[in-house]
Amino acid sequence: MTVPLSTVDPAVAPAPPATGPRGPGATGGRRRRVLLRIGALLVLYVLWEIAARTTRNPAFIPSPAAVWHQLIVTSTTHDGIRGYSGHLLIEHLGVSLRRILVGSVIGVAGGLVLGLLMGTVTVLRIVVEPVVTFVRALPPLAYFSLFIIWFGIDETPKLWLLSIAALPPVAVATAAAVLSAPAGLIEAARALGASRWATVRDVVLPSALPEIGTGVRLAVGVAYSSVVAAETINGVPGIGGMIRDAQRYSQTDVVVLGLFAIGLSGLLIDALLRTAENRLIPWRGRS
Amino acid sequence: MTVPLSTVDPAVAPAPPATGPRGPGATGGRRRRVLLRIGALLVLYVLWEIAARTTRNPAFIPSPAAVWHQLIVTSTTHDGIRGYSGHLLIEHLGVSLRRILVGSVIGVAGGLVLGLLMGTVTVLRIVVEPVVTFVRALPPLAYFSLFIIWFGIDETPKLWLLSIAALPPVAVATAAAVLSAPAGLIEAARALGASRWATVRDVVLPSALPEIGTGVRLAVGVAYSSVVAAETINGVPGIGGMIRDAQRYSQTDVVVLGLFAIGLSGLLIDALLRTAENRLIPWRGRS
Amino acid sequence: GNGAASGTNKAEAKTIRLAYQAFPSGDLIVKNQGLLEKALPDYKITWTKFDSGASINTAFVAKSVDIAAIGSSPVARGLSAPLNIPYQVAFVLDVAGDNEALVARNGSGVADVAGLRGKKIGVPFASTAHYSLLAALDQAGVKESEVTVVDLEPQDILAAWTRGDLDAAYSWLPSLDDLRKTGKVLIASRQLATAGKPTLDLGVVSTAFAQAHPEAVDAWRKVEAQALDLIATDRAAAAKAVGQELNISPADAEHQLSQGVFLKPADLASDEWLGTEAKVGKLAENLVSAAQFLKDQQKIDAVPDLATVQKSVYVKGLPDVLSH
Amino acid sequence: MSSAIELAGVQHSYGDVTAVGPVDLVVPPGEFLVLVGASGCGKSTLLRLIAGFEQPTRGTIRTAGEPPVPGRGAGLVFQQPRLFPWRTVGGNVALALKYAGLPTDRVGELLESVGLHDVAHRRTWQISGGQQQRVAIARALAVDNPLLLLDEPFAALDALTRERLQEDLREVSARTGRTCVFVTHSVEEAVFLGSRVVVLTARPGRVALDLPVNLPRTGVSPSRLRALPEFAALRATVRSAFEELPV
Amino acid sequence: MSSAIELAGVQHSYGDVTAVGPVDLVVPPGEFLVLVGASGCGKSTLLRLIAGFEQPTRGTIRTAGEPPVPGRGAGLVFQQPRLFPWRTVGGNVALALKYAGLPTDRVGELLESVGLHDVAHRRTWQISGGQQQRVAIARALAVDNPLLLLDEPFAALDALTRERLQEDLREVSARTGRTCVFVTHSVEEAVFLGSRVVVLTARPGRVALDLPVNLPRTGVSPSRLRALPEFAALRATVRSAFEELPV
């Protein structure tokens, strides 16, 4: 699918040559991939079942059946109660996904701008880079209270938290990638009469795209994993709020269900991002 | 210092040419840098002082003087009490730094191995990549209680948490960088008779180093910002535990002091990492 | 991996692992003055700070603690399915008094609990204050659905309060002090306690530990009782010890201590609380009612029956142990 | 009008490696200057100095009376194609037009002029080495700069394509009166293209021979030009200057 | 012994672009085969097929009787230098020796053999284009492979260096009896080096002329060889084959 090296089966060494970027058997590869993944899932499931049966403590490791049961309970209305804490699982997830989406978009956009500026404008790098490094070392749990003072307890502080969590990977990756932009191509653009800004737009940015893509994927992951922190405050509805609540009442099966909801939707979004990346960056490995 | 583009003053457009990778005025640049940073610090300080004076609520924004006072209090023995909660600030920080260090090292090593394997062995990528994506979407706060149940309340669960937090940036960055390895150079190595493993070691890994470096810096930052989450349980001594404690008692000046301790030591470590990176990667922008 | 592996069966090692929390109580005095260490010189004693009952429950599940200071609400949870933590309540550290209260913000126009209808109230979920708030609402005939209850940690309540985002809050010291400055107390836990809905801070002992080391449990109860005596007799000394543990001034600590209800050691064995070996006290009923509350909240699957809970009250040697 | 290029005592060092100089050289407008010299003698460095990508360690450089600034008034073909992999072949040429504020519909025509058909939509790694080099030439020729700097532009081309492009370049420069500096390893090419040939010594490159070429630049067919006895004589002069250099 | 290289009906397409073929070619061991053809006609593709980096779309390839595997039994000089920027110049050459399990103390000698002194410690971007190409040659020659595939290795070199390296290569191949496939754009070079010259048609490259060169390969000085009338005749034959190709 990608660079020759990676399409090669490790069993055959030294690797046989691949026929260009897209080798034959791409469809055979897809079937094999699906089979492998299903196999891996089955193995994980069996391991889980065994672990649950041997520990025999649902507070440690809830059984798959218990989690499945919670999935049904939280997705339906039982005894006049809708799902969990009055909201269906899908609603919790939806609210959180919206927050993650908005937070990621803001964080990625901010990180991109900051990273580009840090990478290209020396004065800004000198002043802004330490600030970014400082901020990204700070634990969200520690400064979240300040956000409440500034932004209240509704959506705003949550979005701020997620944005600030998502910003550093993009900013750092972009700044680093910009510094790694191929000197030869920057010269080529300048020789063609490109202005400073045109050079950034037409050379530096495209050459940084693969690394920026990685930064974006990391950023969305970080936003995801910050959703519980963001929803410590007034977090219901919200998958993070649900998990927190369940945690405090030791409802491990609901916690695990929430983790699955987060992890699976995270997988989906990452797959989308990866597809977009491959479309946008056909020149990977060629510069 | 690096690529011509970035050493150029933005005021002069189109940029005048730089004379090679290390332009003249490197020492003049250093003085300017120090001056700029001191200036920025002063501005921040004045802003803080103004904010503290106008809000007049030390529970929200403690004055610089109050934080300074806490620095002295927590760093000395007063009325028979050592520092904060029986430990000096430097001890809290030291304990946490040790945790961050161990967690980062484990996480980075694990991420590197996983990333390399994911990038080079197709079967592993198909199976392991979704797992990594899944795990990195999970909020540490959600699964930390599982760690407590599995590993007790001492160092082990904290180190696990920090390692798992630090792993994904390195793993994702490494895997992506490996896929971006220049196809031409991989062919060159194979033409020289390199084995599969030699190609990885001599081409793929070096070409991925700049991006891995970014991943490592992000990983250490993530470990830093996870230290409060890791120290929610049995976290004293520890800077995260100290911050949480202070937070519960609305001792905002101690919280801010803790944030400074984290942020500044984070800056220092990042600077070390950056220096190491520049030493290790003289070819940045040349491949 | 030390927690799960070692556990309490390592009786020969003679160690006691105590979990404590940062609320003012005799427990902090015991720790600060090293009373237990003096009473049991041949035990290796470790103190671990926790910041919520939930995490202490988790630590019990992980077999990482032997004795803990924990609120009545998490204990009710721990004793119910699915957790069924094998621990027993062996001490009442304090009863919430004026140190936990429901406060309405000046300007919210709320004059009494019934006036909270349609208002926004902040409270840390799963805490004793949460339990008390719902009890207070119930008492006043306000349905939970008629108000907006927001999950906030005490420090966050203060922040949201200052902004005017909350109309009322049920919280505890020290943030309660700040709330009271700009608000009006609607009801305090002291009143709820007299109305039969007390919230308590309890001392619990893991069953395995209590069976292996009954003499250590006795020693622990004695020093806790000693601390209660100190609070009653020498407030200043007690405040100094508590203040040191909480990183606050002795004056602040004294102020906080003065608002809690600390029982006399002798009262502990009364029918009102733990009771005696012959007859377990009302505490068990209180825990059952807390569990019922959790069941109503859909947080536990089933309410344990009274007999089971009574077995989980450690009354061995009562009342003699506490009367020195 | 001032000289197109003026080098006075120019010397350039990379760290402690002196690559060029000192060189004194005055190039009047319209001149077609060909630089010849051993591999590593400093030809590319000299071109980069004239383009403004390097600052001389000693001496001064003026192009059209001003210190050179990259991208101002000079088209440059680097020794490597340096195509942008994120743009198609056509997109690479279009970029040059865009920067000059010209309409981008001339892309096809420009590619055609270097003998490339049907590759405009390809990615840059989907064409051969010689094709890449021709794209770089088309890109540099897209804009009518008064100065043209070419670093071995035809090195990767077969004899026929090379001759055709040589003739085109000769014709263009004669017609438009642009100043050209052309680096080559082929003595034949040097004499055919140049109105003046400069042979550099081994590193650090200094002027070893500065030879005016007084062959007719128009009105003679290329093959007849190559067959002239003066052509052979000039070729021999350059070649022997080359051979007599101390190594 | 079987043929060094055997191509039977070999054809190669990149997507819908057919680059080469069909080509049938048998190269006996010890032959010095030179490939000539227009830019973009498929020379590099043919070399990559023989090296095992591409699989033929049709037909079969054998080197020493086996399907070719990259890095096994063949040294390869790509059209671009492809040096590793994370290694010094010397480190690049050392790598080749390391992979062959040879001691790395021959690095200096190998660099010397391509006319490079004092650059072993430099970074790869601190040497000129021609020097880079020579490092790539030294790297490929470090190991004695029975087969040597060279894609325009001397394109970036000045006339004198080029001639010296041509003579070295001619001498080495004659002495060691290695099989060589050499791509060039210079007809002169083709005739001088080759024991056989193959001219390819324009894309898709097919064999247009397959010419044995029966010049003495030893015992004659290079300048005398170039002066032989047979040399001129062969050069003319190749050149005209080239010119007669349909474009």
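Here are a few things to note about the model shown:
Letters are used for the chains, namely A, B, C, D and E, taken in the order the chains are written, and counting of residues starts over at 1 for each.
Here, a residue touches a chain if its C-beta (ideal position, glycine included) is under 8 Å from a C-beta of that chain, and two chains touch if they have at least 3 such contacts.
Given the structure is predicted, the values throughout are model-derived calculations rather than measurements.
The minimum number of touch steps linking chain B to chain C comes to 1. Among all pairs of chains, A-B has the largest number of C-beta pairs in contact. Chain centres were defined as the mean of their Cα atoms; on that basis the chain farthest from chain E turns out to be C.
For chain D, the chain with the farthest CA centroid is C. With centres defined as mean CA coordinates, chain E is found 50 Å away from chain B.
If you average the CA atoms of chain A and of chain C, the two centres end up 40 Å from each other.
Centre-to-centre separation of chain A and chain B, using mean CA positions: 18 Å. Each of residues 14, 53, 70-72, 80 in chain E touches at least two other chains. The set of chain C residues touching two or more other chains comprises 54, 58, 61, 153, 155, 159, 162. Shared interface positions of chain B, i.e. residues touching 2 or more other chains, are given as 14, 60, 145, 149-150, 187, 190, 194-195, 232, 244, 247, 286-287. Taken in their complex, chain C has these residues touching chain A: 52, 54, 57-58, 61, 77-78, 82-83, 122, 125-126, 150-153, 155-156, 159-160, 162-163, 165-166, 294, 298-300. Within the complex, the chain D residues that touch chain E are 14, 17, 36-40, 44, 79-80, 115, 126-131, 134, 152, 155-162, 185-187, 239, 242-243. For chain B in complex with chain A, the touching residues are 2-10, 13-15, 32-33, 36-37, 40, 60, 119-123, 125-127, 130-131, 133-143, 145-146, 149-150, 168-169, 172-173, 176-183, 186-187, 190, 194-196, 199-200, 204, 210-211, 213-214, 217-218, 221-222, 224-229, 232, 240, 243-244, 247, 255, 258-259, 262-267, 270, 284-287. Interface residues of chain B facing chain E in the complex, by the touch rule stated above, are 184-185, 187-195, 198, 202-203, 206-207, 209, 281-283, 286-287. Of all residues in chain E, those touching chain B in their complex are 51, 53, 70-72, 74-76, 78, 80, 82-86, 95-96, 99-100, 123-125, 139-140, 143.
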